[in-house]
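Lettered A, B, C and D in written order, each chain numbered from 1.
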Amino acid sequence: MPAALGENRYGKSRVRLVRVTRHGDRHDLADLMVSIRFEGDFAAAHADGDNRHVLPTDTMKNTVYALAKNHPVDPIEEFAIRLARHFLEGNPPLSGVVIGIRENLWTRIPVGGSPHRHAFNSAGAERRTTRVAATRDGITVHSGIDGLVVLKTTGSGFAGFHRDALTTLPETSDRILATRVRARWEYWGGDVAWSATWAGVRRLILETFATQESPSVQHTAHAIGQAVIESFDGIRWIRLAMPNLHCLLVDLKPFGLENRNEIFVPVDEPHGLIEATVVRQGGSTAESA
Amino acid sequence: MPAALGENRYGKSRVRLVRVTRHGDRHDLADLMVSIRFEGDFAAAHADGDNRHVLPTDTMKNTVYALAKNHPVDPIEEFAIRLARHFLEGNPPLSGVVIGIRENLWTRIPVGGSPHRHAFNSAGAERRTTRVAATRDGITVHSGIDGLVVLKTTGSGFAGFHRDALTTLPETSDRILATRVRARWEYWGGDVAWSATWAGVRRLILETFATQESPSVQHTAHAIGQAVIESFDGIRWIRLAMPNLHCLLVDLKPFGLENRNEIFVPVDEPHGLIEATVVRQGGSTAESA
Amino acid sequence: MPAALGENRYGKSRVRLVRVTRHGDRHDLADLMVSIRFEGDFAAAHADGDNRHVLPTDTMKNTVYALAKNHPVDPIEEFAIRLARHFLEGNPPLSGVVIGIRENLWTRIPVGGSPHRHAFNSAGAERRTTRVAATRDGITVHSGIDGLVVLKTTGSGFAGFHRDALTTLPETSDRILATRVRARWEYWGGDVAWSATWAGVRRLILETFATQESPSVQHTAHAIGQAVIESFDGIRWIRLAMPNLHCLLVDLKPFGLENRNEIFVPVDEPHGLIEATVVRQGGSTAESA
Amino acid sequence: MPAALGENRYGKSRVRLVRVTRHGDRHDLADLMVSIRFEGDFAAAHADGDNRHVLPTDTMKNTVYALAKNHPVDPIEEFAIRLARHFLEGNPPLSGVVIGIRENLWTRIPVGGSPHRHAFNSAGAERRTTRVAATRDGITVHSGIDGLVVLKTTGSGFAGFHRDALTTLPETSDRILATRVRARWEYWGGDVAWSATWAGVRRLILETFATQESPSVQHTAHAIGQAVIESFDGIRWIRLAMPNLHCLLVDLKPFGLENRNEIFVPVDEPHGLIEATVVRQGGSTAESA
C-alpha cells in the first residue's frame, strides 16, 4: 500500500466564553474565544477507525468551561497554559497541544464621569491574543494583537524603489499610510507581567507608527519591532504583519480641480502585505507553528 | 401587454472617501462611505432602453469626490444635504434622491500624553450614520448610530411572560443583557447642532442602558427612546433596533460544579430582535423609507 | 410626557433547521434559516415592563422545531404559512406576524453516474426564499431568490445617457455585465405550485439575462420582470435588485499592450444598484414591508 | 544593538482578474484572485529605508495583468508558474517567490437545453486553488480545493472514544456528517494534466465521502487521502482540513415529541477541526510553507 499517514492534528475551534467575576463593588468581564489542537499518536483513528486515543472535541469544549469556573481566565496567557497542561496530563497519546485564545476587549461605560460597575461598551475590532504550544519537553508562549487599525495622513513616503518595464507607480514623499497591524511575539520564559507587557507593546506600536518618518511599510514594521525588542528584555522576537490599506489619491483634474493630498479613496483589494520578524540578537525565530 | 413598470430606483453604493483637512497645527480626518439613490421618471430606460434621463452611477461617484474637494464633509448631515440638492438641481427627471452616509470613527493616537497631530487609531466597528431624503417639496434628515455594542452583567431580568405549550424558557431575575444598538432618529428642521446632538444621543443610549433596571429588551429600548425624546426637542422620533445577543448560562452540573451566573456562552444565532420607535407626542413616524 | 410608543415589533432571527426525511430508498434534506416577527399590542411591555403579552423569542424557536417535526417543511412557503397561522391563533395580542425563510440548496453527490441516496453537495451561495405576512384579515405570500450571480461577456452596452459637467464615463457598446440577482415576487392567491413556479422564474431570469441584448441594467431588470409577469399568471408583481458588479477594463497601454476587451478587474465597491418592480397591469405593489 | 531582522516577506494580495477569451463560437471565462510573495535580500529596506531592492507591490499587480494579456491563465497552475519565473528572473535580490491563485468557478447558463456561448452562472463558493513556490533551485506546485461543502444524513458514527471526567458526549452510530473540505496536494513533477487531475481528485473526495462508512472525521479524511494517493501517481501527498460542521439533534422531549434523527440544528461555533496529511510511502511532507 503506497499511502501513509503524515502530519495530522485535530481539535476544537471557536469555543466562546464570557466569564463574569462578581466583586462587591464591581463586576469584571472576560470575553474569550478559545481553540485547542492536539498532536500525537492518532494513527489508529485515521487508519483503522479505532477511536480509543481520541478525546472528543466536545470534551475539549467542556474543559474550557470547567476550568474557567475553577480558575481565573485573566490574563489569557495563564489560562491557556493551564488548559495546555491539563490536556497533556490527561491524554498520554498526546505529544503536543496548542491553545489559542482571542480576547474581545470591553471598556466600562462612563456614567456621571465614573466607569460603571457592571455595564460595558465594546472596545472595537481589536483583539488581544495568545498562543501556547506545549509538548512533553516544554512550553512556548506567544502574545499578540490583531486588528489594530492605524492611519497617518502624512509622514510617509515611498521612493527610490526598483523599477522594471511594468512599473508605473510614481514616487511619493507624502502619502497616507494605513494598516491593520497584527503582531505576535514570543517570550523567553514564563515569569512575565503578561498584561503590563501587552499594554506596553501596544503603546510602542502606536507611538512608533505615529512618530516615525516612514520611507516604506517595511521600515516602519522594522522600527516597531526594534523598539519592542529594545524595550522588553523578556521578548525573544516579534513578528508584524502589516497590510498596506491603500488610500489612493483621487484624480480630480477631469473636473478642473487640483487634489492637494486631500481627497482619497480607500481600497480593500488589491493590497500590499508586509511581514517582518525582528529578533533579539542571539535569539531565534524557530517556533512550533 | 399585462406588465407595467412599478416602483424603481437606482444609484451607487459603497462610494468610499477619505478627506484630509490640513490645518497648520494638525490634520483632521474624515472617513466616509456614501450611497446615492435616484427616484423619478425612468420609465423609458426600463421599457425602451432610452438612457437619456439616466445619469451614470459613475457620475454620482465623481460628484461625491468633486463636492468633497470644494466643501467640508463634516458634519456628514450637511454633506449629505449638499449632495442631495446638487443632484435634484441637475437632474430634472428626478422626483427624489436619498443620500446615505456611514462614517468610520477615528481617535488620535496619544503620544507622550497628547493626541497626535496626524496619526489616528480606528475607534472600532461603531458607525455614525445619516440618511437625507430630498424631494422637490422638502428634505428629511435622519441621523443614527450603527454597531454600538453594549453588555451588562446584571440589572436585567425577564419574567412574567406569556407561556404556551412550547415554552420552556425559565424566568430569570438576573441575566446578562448584551445588544448591538442601531439607532436612527429624525429631526424637525434643518438648524441642528448635528455633532453635539449625535454625541448627546449616544451618551443617553449608553447611560440609560447602564443604569436602567431592565425587565425586557423592549422596556430598555423604550426607556432609551423616551430619554432621547425628552432631552432633545429637535428630534421627532427615534427608532431602536436591538438584537438580543444571548449569553447562555453554561450547565456545569454534569461536571459537579455550580454556575452562579459566572460562565456564559455567547451565541450569534438564533437571536432575538427587538425594534421600537418612540415618537414625540403629536409627532408622526411617517418617513419615506 | 412628550414621548409615545410608535411602530414596534419583535421576534427571532436566524433559527437554523436541518430536516431529514427518511424514505426507504433515499433521504431528503431540507436546510432552512427561519425568522419570525410579531406586531401587535405590546405597549405594556415597552412602557411598563409588563410582559404578559410577550411570547418569548425562545418559544418562537421551539415552535419552528416542533412544527417541523410534525409537518413537512418543503415547500418553504407552506411551512411559513403554517408557522404564521400557528402564531396568530395562539397569541391574541398579535395583529400580524411575518415569517421569513431562507433555504440553502443541496444537490445529491453523483456516484457511479447516479445521484447518491443520502450524500449531498452544497449547491452554492444562492438561496430560495419566502416571506409570509399574515394578519387577522389575510395572508400575503412572497417567494424569492437571493444571490443568483450571473455574468455575460458580451451582449451588453451603456450609451446615450445623460452627461453633466462631472461625467467622465465613456459610452460603450460592448462590456461585461455581471450582477447578483435578488428577486422577490408576490402571488395572487394561495393555490400555487410553489416549487415549479420558483424553478420556472429562476429559469426565466437566467435565460432572459443570457439572451437579451442589454442597453442598461434597468432594461435587463425590466425585461426579466416582464418575462415573468407574462409567463406566470399567478404572480402580481416581481421586484428585482441587481447590483452592477463592475468589471473594469484594465488599461494596458502603459505596458505597450492593447486590451481588446480581454483583461478586466472586478471591483466590489463602489457598485451601481438598480432596483425595479414590474407589476401585472391592474395589480399593485402595495405590500406590508 | 540587540535587534536583528529575521524572517520577512512582502507582496500583493487579492489581485483580481477576469480574462475573456473570444473564440469564434463561444467565449471562455477565467475569474482569478492572485497573490504574490517575495522573499530575499530586503534587509536594507527594513533597516535603512533603502528601497533599491524593492519592486513595488503595484508592479506585481501590473505584472499579473500584462502576463495575463500575453498568455493563457488556464490552467491556473501554469499561469502561476509563469508568474513565479518572471519575478525570479527580473529580481536578482529574490531568493524565492510564492504565487497563490484562487479561481472562482462558473458554469454556462443553459438556454434551450444548450450551454450558452457567453453567459455564465456562478458555480458557488467552492474554489480551485494553486500555490507555486519557486526558488533559484526549483519549483514546487500545489493544487487544491477550498470550500467544498458536503453533508451525509447517515453512514456516520462516533463511538469507542476516550472518555475523561469531563466527557458528556454520548456515543452514536448514526449522525449527520457535514464538513467544508479544504484540500491541498503536491505534485512530484511539472508534467501534469492539471485540470483532469483536479477534477479527478474532486470526484474522489465526493465519492469517498458519500460511500465510506465513517467512524470519525479522521477516518474519512484518511480514506479520502488514501484514495487520492492510490489513484494519482503524480501526487506526493495530500492534506485535508475538514471542520466538523455539527448538526445537533434537537431535544423535542419537552414538547412530548420523539426526534428520530429528523430535526437538527446546525451550529457554526464551536466546531471540531480535523487536519490530516496522507503521504505516498517514501514521500515526504516537507514543504516551504
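As a working rule, a residue touches a chain if its C-beta (ideal position, glycine included) is under 8 Å from a C-beta of that chain, and two chains touch if they have at least 3 such contacts.
All figures in this text were calculated on a predicted structure; none of them were measured in a lab.
Engineer: Looking at CA centres, what chain is most distant from chain D?
Structural biologist: Comparing chain centres, B lies farthest from chain D.
Engineer: Using the touch rule from the top, work out which pair, B-D or A-D, shares more C-beta pairs.
Structural biologist: Most C-beta pairs in contact, of the two: A-D.
Engineer: Can you compute the centre-to-centre distance for chain A and chain D, using the mean CA position of each chain? Integer Å is fine.
Structural biologist: About 24 Å separates the centre of chain A from that of chain D.
Engineer: Based only on mean CA positions, could you tell me how far chain C sits from chain D in angstrom?
Structural biologist: Centre-to-centre distance between chain C and chain D: 30 Å.
Engineer: Indicate the whole-number Å distance between the mean C-alpha point of chain B and the mean C-alpha point of chain D.
Structural biologist: 38
Engineer: Quick check: what residues of chain A touch more than one other chain, meaning two or more?
Structural biologist: Only 16, 62, 66, 166, 168, 254-255, 268-269 qualify.
Engineer: How about chain D: which of its residues touch chain A in the complex?
Structural biologist: 1-16, 35, 37, 42, 45-59, 61-63, 66, 90-91, 158-164, 166-169, 215-219, 221-222, 225-226, 229-230, 237, 239, 243-244, 268-281, 285
Engineer: Chain A touches which residues of chain B in the complex?
Structural biologist: Of all residues in chain B, those touching chain A are 16-22, 27, 29, 31, 62, 65-66, 68-70, 106, 109-112, 116, 118-126, 148-155, 176, 206-207, 209-211, 247, 250, 252, 254-255, 257, 259-267.
Engineer: Which residues, counting only chain B, touch chain D once they are in their complex?
Structural biologist: Where chain B meets chain D, its residues are 165-166, 168, 254-255, 268-269.
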